[in-house]
Amino acid sequence: MTRDLKYFQAIHEATDLCMARDPSVYLMGLHVPADPKGIFGTALGLQKKYGPDRVMDMPTSENGMTGVAIGSALVGMRPIMVHQRIEFALLAVEQIVNQAANWHYMFGGQAAMPLVIRMMIGRGWGQGPQHSQSLQAMFAHVPGLKVVMPVTPHDAKGLLIAAVEDNNPVIYLEHRWLHNIFGPVPEGHYTVPIGKARTARPGRDVTIVATSYMVLESLRAADLLVRDGIEAEVIDVRSLRPLDTGHILESVQRTGRLLAVDGAWRSLGFAAEVLALVAEQVYGSLKAGPKRVTCPDLPSPSTPALAQHFYPRAVHIVNGVRSTMGLPEVTEEQLGIQHETPLDVPDKAFTGPF
Amino acid sequence: MDPVTPRDLYGRMLRIRLVEEKIAELYPEQQMRCPVHLSIGQEAVAVGACAALAIKDYAFSTHRSHAHYLAKGGNLKAMLGELYGRVTGCCLGKGGSMHLIDRSAGFLGAVPIVGSTIPIGVGAAFGTLLRKERRVTLVFLGDGATEEGVFHEAVNFAVLKRLPVVFVCENNFFSVYSSLDVRQPPAREIYEMARGYGLESHQGDGNDVEAVYGLTKAAVEKARTGGGPTFLEFKTYRWREHCGPHYDNHVGYRSEQEFEEWKARCPVTRLKQQLLQQGLLAQEDLDGIEAALIREIETAVVFAQSSPFPEPQLLGAHLYAP
Amino acid sequence: MTRDLKYFQAIHEATDLCMARDPSVYLMGLHVPADPKGIFGTALGLQKKYGPDRVMDMPTSENGMTGVAIGSALVGMRPIMVHQRIEFALLAVEQIVNQAANWHYMFGGQAAMPLVIRMMIGRGWGQGPQHSQSLQAMFAHVPGLKVVMPVTPHDAKGLLIAAVEDNNPVIYLEHRWLHNIFGPVPEGHYTVPIGKARTARPGRDVTIVATSYMVLESLRAADLLVRDGIEAEVIDVRSLRPLDTGHILESVQRTGRLLAVDGAWRSLGFAAEVLALVAEQVYGSLKAGPKRVTCPDLPSPSTPALAQHFYPRAVHIVNGVRSTMGLPEVTEEQLGIQHETPLDVPDKAFTGPF
Amino acid sequence: MDPVTPRDLYGRMLRIRLVEEKIAELYPEQQMRCPVHLSIGQEAVAVGACAALAIKDYAFSTHRSHAHYLAKGGNLKAMLGELYGRVTGCCLGKGGSMHLIDRSAGFLGAVPIVGSTIPIGVGAAFGTLLRKERRVTLVFLGDGATEEGVFHEAVNFAVLKRLPVVFVCENNFFSVYSSLDVRQPPAREIYEMARGYGLESHQGDGNDVEAVYGLTKAAVEKARTGGGPTFLEFKTYRWREHCGPHYDNHVGYRSEQEFEEWKARCPVTRLKQQLLQQGLLAQEDLDGIEAALIREIETAVVFAQSSPFPEPQLLGAHLYAP
């Protein structure tokens, strides 16, 4: 049975299911049991159900606690760690990159590392330069890690279950603007395989490869493009590492055009990898130069007055596609876009702060 | 430095209280579009500690920085401008509430990553020592910040080099919704752990501004005369929710009763009553102080609200210093 | 006057010169004054000359000491920090990425951050998965940082002086196999501007864009390619951020072919950025798909038996170029390459350990 | 667990000494192509501490891991194979000297990033507690490692959760070439700082294997019975250079005299003389022990040297666990 759930409910359900199935799964993170909002709702009630050993708070010690998670994984536990902002995890890069990512390989295959680290990214409400960075590229660069960015509630659940059941460190990135979106979610156990992309919308004229929240903006853009007779195919990569290169290449070979869309910095970001991959592998199929739509290479400013020019949205994607076709830029007005909410909140219900 | 009078301390605390209450009042209008962490209830630590500093001395702060900024002499208009995201803000709107700075007041910066200004403050102290300046650096930190490894590293270095730094730990018992008992061993006092590093370490009443002032003053004088660092822990209490303008005693992570007990120990009221009792100030003096502050704050709010937003071109500015 | 100096001497001379000119410059790092080898020779005698305050050891506290460096920079000092292995700096990513990189921008331009962090990368002698990673992409992705990788002694000196005089955080990456190479170095003060690439060898048939030690392997490859009549242009990027995009694009527009060579991981690495840049900007000039030569996406193994298959060298670059021309692969034997030293040491003199 | 006799302790120390001297002898042949950090002089800590553990207990180590690995029961042939980069090595050659592991002996891993196994060891202890196993985890660390923030974070958590973990700090006064006085405040003992965290903390003679054994045994028993963590500091001395097979007292960072003083306190000789004096062993017993060890080591060296290198296909294996 499939029902419509919110993204946060899908994460909650996946966590609940994994904990019920396997007593070695536990959840930890700052304020996880104490937060009355239950970490965007994803952890609500879980401590009551599974007890304080399995659903736990922790000291403000991100690096050490990552080590603790790693150590517990080595002796058979399956920790899920959650950071409410990816920036906090920067304190733990040593443990994640030197230790978690290498451990299985460097010990010649003797040590499994079943570890999930949920990290939240996002934007809006003036969170500013240290609370709204999108640092997926740093982790996706590292062999030995797996990095997923689910967009739909369906994938949020299926990828989280897959991540918990995986014997490797999985970085699971949640965009804060997704937690309240709705979508169909099957009941019970299922997994979405890590390393498989998804065609979010088929099309024949151009391939848009997008990550996380930017998939939604890409779908909006695809709707707008139809009016000009342009059929965009939107690929939701889901996994940044391993990357489903075959899926992307097949699409680009069909459409002959590529736009990579990522809500992070441009240079050395994920969008660069997509362009490199395509240029390297199927250069001959391209009808025009591939393009990127990303944030500019700047810190993320706090004031909405500047943030609105920092984060890309549908209009930028429309123009990205148009530029691969040699068409001139259009404005939001020309596209008839009217924003019902301020640009710095995910939806009408949100009244800040994050 | 002029001697600091109880009247000064009172005025400074009240100013911060009134500013933050004004923020709490206006925040629901959704014009200040950034997270805010209010220090209402904790004013005595900010004011008592900063009163012990000279203007040329430095201070660093955290996500909860309004009180520290104002107590150190930061510009009120620039702070409100920043909260309103305006170009008149102390960071031109780029930082928001969690990134206050006023270099002319010696307030060198606040950032919201817990613990991260601790080594930076120690580094500033180290820099002043290398430059043979007789400045003291004061680092504000919360109880939660003492759990970060970087606290350990910074304190070790400060002790090793006998740096002119004073650590002022505001222990309000909580890190967001998490009480100390899920984060630190029971019955282990933070100032005792700090003492293990080999530096002077004291605990004081964080709701008694004169006690804070006294302990900090001694630490600052010691630091200035080459005596090295001191760690000070002040227990106090945040009245409002961790982030945002509301009260949240009903949501379950702490009790209304605990809140009421701490509210009864309000640092502002406490000093006010003392001043009245000791006859240092009359009710009309107090009224005058308050009225002047309200006028100042109103003006600052109007200033901020009527300031322009930064122009789009500012987005690309300041990536690199020239 | 220009003499031949070793790379480490060039770094030493630059440091010495900066310290002599500006009393706010100081040098710190683990074992800096105590190491009898003087940190590959780069710090020899400096403590004696400038005293223990300005040339100092530090506790094994990479994150905290980075904060200390940052704080001291804020009050007018110009620290040079050195990490003998880039992996140690992973402990300090929070301070580097959240703090140092953002500080100037997020405080609206009020805080200069004159900070140089020297980090060593390298390979060889079984240093294994945690002591021989090349993590330049992690730092080069971050706006607000500058990232340089000098190859020649000339640039080692000129870029270090430029870095010390820069008011921004500069990550200065030294490959351990470069410290003992010779090259002409002018006496006295000069700078190599950060953000300018260098044509290490002109050529008309293909553009090789390389970083750090891989520039030397690329030059070797270019020599070998001449025998088949292929004239490769080798660009030493010198700065990964800011990147001299104009220099790269101009060359590729001339040659019509691109090979990006980087001694780091492939996916989301620097080589990807070069391919993306070129594909995006001058797609029309390309005669064939651009290619990358990098390490594979794997941890770096310790045993020389595997390491020799992990790190790319001239033969791989030759084949990379050949593949952009549709030519078949050749072997080292066919190229007549004979290795005079084992593949895991930089030169004959080296007898391990690093 | 069988009781551990002084004879056992002696044999284990001597075995490690002879293995490492053999490594030092062969290393210049440049067939072991990886950095090696020898524990010659420090054997008593490894042996005394590990003797207090059961096989099922866990240990974690650092860059200087040979002694810990062997003392915990790690396979000698697999260790030498690893140093020689052979496929018979305990990591198939992928790790090298700084990444020893022998899961069947409860030696869960060593890594060369200073301090990084401290929280991992604490996490293993936490895991065993969650799994309700009665195992104890022992974490070896150096004096330098206590300067890492992660030490602070790990110890705080261990105390908070009363974890079954024993921290064994080998204080050999140096971090590479850097002596304690440029890294930590003077006259502040490491074990005293650790005590500040609120856990039991002791200092012992790191060259007296029985003292090490005694203190560790008490700590292990306490941990096993729910008494929580203990921190043990043992002062000892590394004889050879930090990394590599040579002596380096001439290069200037420490004095020949200091070295000679510590050499006179050789833990192996010390116990040997004691055994002889107390009549527990005769010279011929000692000779027999030594001869057997030499044979074992020769065999292991031949095994390692004659083992094949990993095939190229192994490069791509083990990126992900199945």
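Think of it as A, B, C and D in the order they're written, each chain with its own count starting at 1.
The definition used in the following text is that a contact is a pair of C-beta atoms (placed from the backbone, for glycine too) under 8 Å apart; a residue touches a chain by one contact, two chains touch by 3 or more.
Small disclaimer: the values here were computed from a predicted structure and weren't measured.
**Q** Match interface C-D to one of B-C, A-D or A-B, accepting only the pair for which over half of the contact pairs are the same residue numbers.
**A** A-B
**Q** If you average the CA atoms of chain A and of chain D, how many Å lie between those two points?
**A** Roughly 42 Å separates the two chain centres.
**Q** For chain A and chain C, let me know how many angstrom lie between their CA-based centres, rounded off.
**A** 31
**Q** Any idea how many Å lie between the Cα centroids of chain B and chain D?
**A** Chain centres of chain B and chain D, defined by C-alpha means, are spaced 46 Å apart.
**Q** Send over the residues of chain B in touch with two or more other chains.
**A** 89, 91, 93-95, 99, 111, 113, 147-150, 152-153, 156, 160, 182-184, 319
**Q** Enumerate the residues of chain A that touch no fewer than two other chains.
**A** Each of 58-59, 61, 63-64, 87, 91, 94, 98, 105-106, 128-130, 143-144, 297-299, 301-302 in chain A touches at least two other chains.
**Q** Should the pattern of chain-chain touching be classed as line, ring, star, complete or other?
**A** Shape of the chain contacts: complete, all pairs touching.
**Q** Can you tell me which positions in chain D touch chain A when the two form their complex?
**A** Listed in rising order, the residues are 58, 60, 89-95, 99, 101, 103, 108-109, 111, 113, 116-128, 130-131, 149-150, 152-154, 156-157, 160, 317-322.
**Q** With touch defined as at the start, can you tell me which chain D residues reach chain B in the complex?
**A** 147-153, 156, 159-160, 182-185, 187-188, 192-199
**Q** If you look only at chain B, which of its residues touch chain A in the complex?
**A** Result: residues 28, 30, 33-36, 85-86, 89, 91, 93-99, 111-115, 144-145, 147-150, 175-179, 182-184, 243-244, 248, 251-253, 309-310, 312, 314-316, 319 of chain B touch chain A.
**Q** Would you tell me which residues of chain A are touching chain C in their complex?
**A** 63, 87, 90-91, 93-94, 97-98, 101-102, 105-106, 128-130, 133, 135, 137-138, 140-144, 240-241, 243, 265, 267-284, 286, 288-292, 297-299, 301-302
**Q** Residue numbers of chain A touching chain D in their complex, please.
**A** It comes out as residues 24, 26, 53-54, 58-59, 61, 63-77, 94-95, 98-99, 103-114, 143-144, 146, 167-168.
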